[in-house]
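Naming follows writing order (A, B, C and D), and every chain is counted from residue 1.
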Amino acid sequence: MNIRYFAWVRERVGVEEETIDVPASVATVADLISHLKSLDDNHAAAFEEEDAIRVALDQMHVEPDAILGDASEVAFFPPMTGG
Amino acid sequence: MNIRYFAWVRERVGVEEETIDVPASVATVADLISHLKSLDDNHAAAFEEEDAIRVALDQMHVEPDAILGDASEVAFFPPMTGG
Amino acid sequence: MTVTPLVRVQAEDFDAKAEAERLTGGRKDVGALVSFTGLCRDEAGTLEALELEHYPGMAEAELTRIAQDATARWPLTGLTVIHRYGKIPPGDNIVLVVAASSHRRAAFEAADFLMDYLKTKAPFWKKEHFAETGKTSWVEAKDGDDKDAARWT
Amino acid sequence: MTVTPLVRVQAEDFDAKAEAERLTGGRKDVGALVSFTGLCRDEAGTLEALELEHYPGMAEAELTRIAQDATARWPLTGLTVIHRYGKIPPGDNIVLVVAASSHRRAAFEAADFLMDYLKTKAPFWKKEHFAETGKTSWVEAKDGDDKDAARWT
């Protein structure tokens, strides 16, 4: 699965984009976050304030309980501050 | 007293501006309107729909019960339609 | 410290871009600029022009009173109001309001307020001149305009 | 018949006047044009620039969704949204929304709505670069922005 990070989430993870193999037990966005946190300290730090993380599945905003399904791209980022 | 008319009030009266002698009994804007209506048919036609007439005393909006006092200019016009 | 609004009543067209730049040029405290342009419209295709009559002197004075009211109510960094008079063909500009502020809510609300009050209080009157018939007709004030203005009281 | 909004995400500056003219030029059905410009502000005098990061693809898609929502909710004759990315120094433009309609209330509300939604939903993030210290800091989202957006639900 292709994962993208933006703003301080990107800075904490240390990469803009990565492709990871997701265990079959990972069904929802929340499951994926738990999995990513277990990978290493950088991921753990990025997702430390889980409430502050926003998620997009295939470039659409979703909530943490969203099912990953056959989405090809998941993005994690802080609350938006454009405009 | 100097009196000015605008828009269809002006067209009905037939003049843009006139100076009239106001009887001592005329104290308020409403008194002045009654006096003007008595002058001739044009004035009577202009003030026929009295509710539709707006008034300014020395270029400030006032209500019909406003005292003329020492105002030097009274203007009558329909509701504004600028913008 | 409230700003002094710029108010103009003129026959000539205005340049919305130049007016916007007057409020933003060379400064770093403007975060939001809202510009409202009112244009002469003719969806029926029957209008030759709108003729705008105004009360010289009072038009400027009343626009200034409304603009000062806006600068007292919202923290603006600048405010400009320009209203044209005379014959204005369809598609041409009639009125411009530009409000600048640090924050967008103030700029939006001040411009919106100004247009609502201007419609019901500034001494301007529109007369329609129809193309084919040569007839004319005074535009009637709308109840909706009074309701819009009442939103701010 | 709703209009198709024009959405652009770009590094270059925009020309608010050209965008306004694109929505009014040669037509007689536009009575009201509301233009909102958001600028980079630096009242403290400490900012070198704001750096705007965005999510390419989703930024355009999300702005388009918000703009289409606006055209469905208000009777607009035209709608344009332009958001810049990259480093933007104080005083420079960040975002432009232009809404055109027959009537002013629709143009005001659509532009206001668009900015509120854009602030909370469009994937852009601001990082402050400070001049003297060389330090950087991500701008935090404001609760007020969520409240502004909630006005429209």
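Everything below uses one rule, namely that a contact is a pair of C-beta atoms (placed from the backbone, for glycine too) under 8 Å apart; a residue touches a chain by one contact, two chains touch by 3 or more.
Computed from a prediction, not measured in an experiment: that's the story for all the values here.
Asks: What is the set of chains touching both chain B and chain C?
Replies: Correct list: empty, since no chain touches both.
Asks: So what's the Cα centroid distance for chain A and chain C, whole Å?
Replies: About 48 Å separates the centre of chain A from that of chain C.
Asks: Find the geometric centre of each of chain C and chain D from their Cα atoms only, then give the gap between the two centres in Å, rounded to an integer.
Replies: 23
Asks: In whole angstrom, how far does the Cα centroid of chain A sit from the Cα centroid of chain D?
Replies: Between these chains, centre-to-centre, one finds 26 Å.
Asks: Which parts of chain D, given as residue numbers and ranges, touch two or more other chains?
Replies: Each of 38, 104, 115 in chain D touches at least two other chains.
Asks: Out of chain A, which residues touch more than one other chain, so two or more?
Replies: Within chain A, the residues that touch at least two other chains are 83.
Asks: Provide the full list of chain pairs in touch.
Replies: A-D, B-C, C-D
Asks: Which positions of chain C touch chain B when the two form their complex?
Replies: 38, 52-55, 57-58, 61-62, 83, 94-95, 115, 118-127, 138-141
Asks: Name, in rising order, each residue of chain C that touches chain D in their complex.
Replies: 16-17, 20, 24, 26-43, 45, 90-91, 102, 104-105, 107-108, 111-112, 115, 148
Asks: Any idea which chain B residues touch chain C in the complex?
Replies: Answer in residue numbers: 4, 6-8, 56, 59-61, 75, 77-83.
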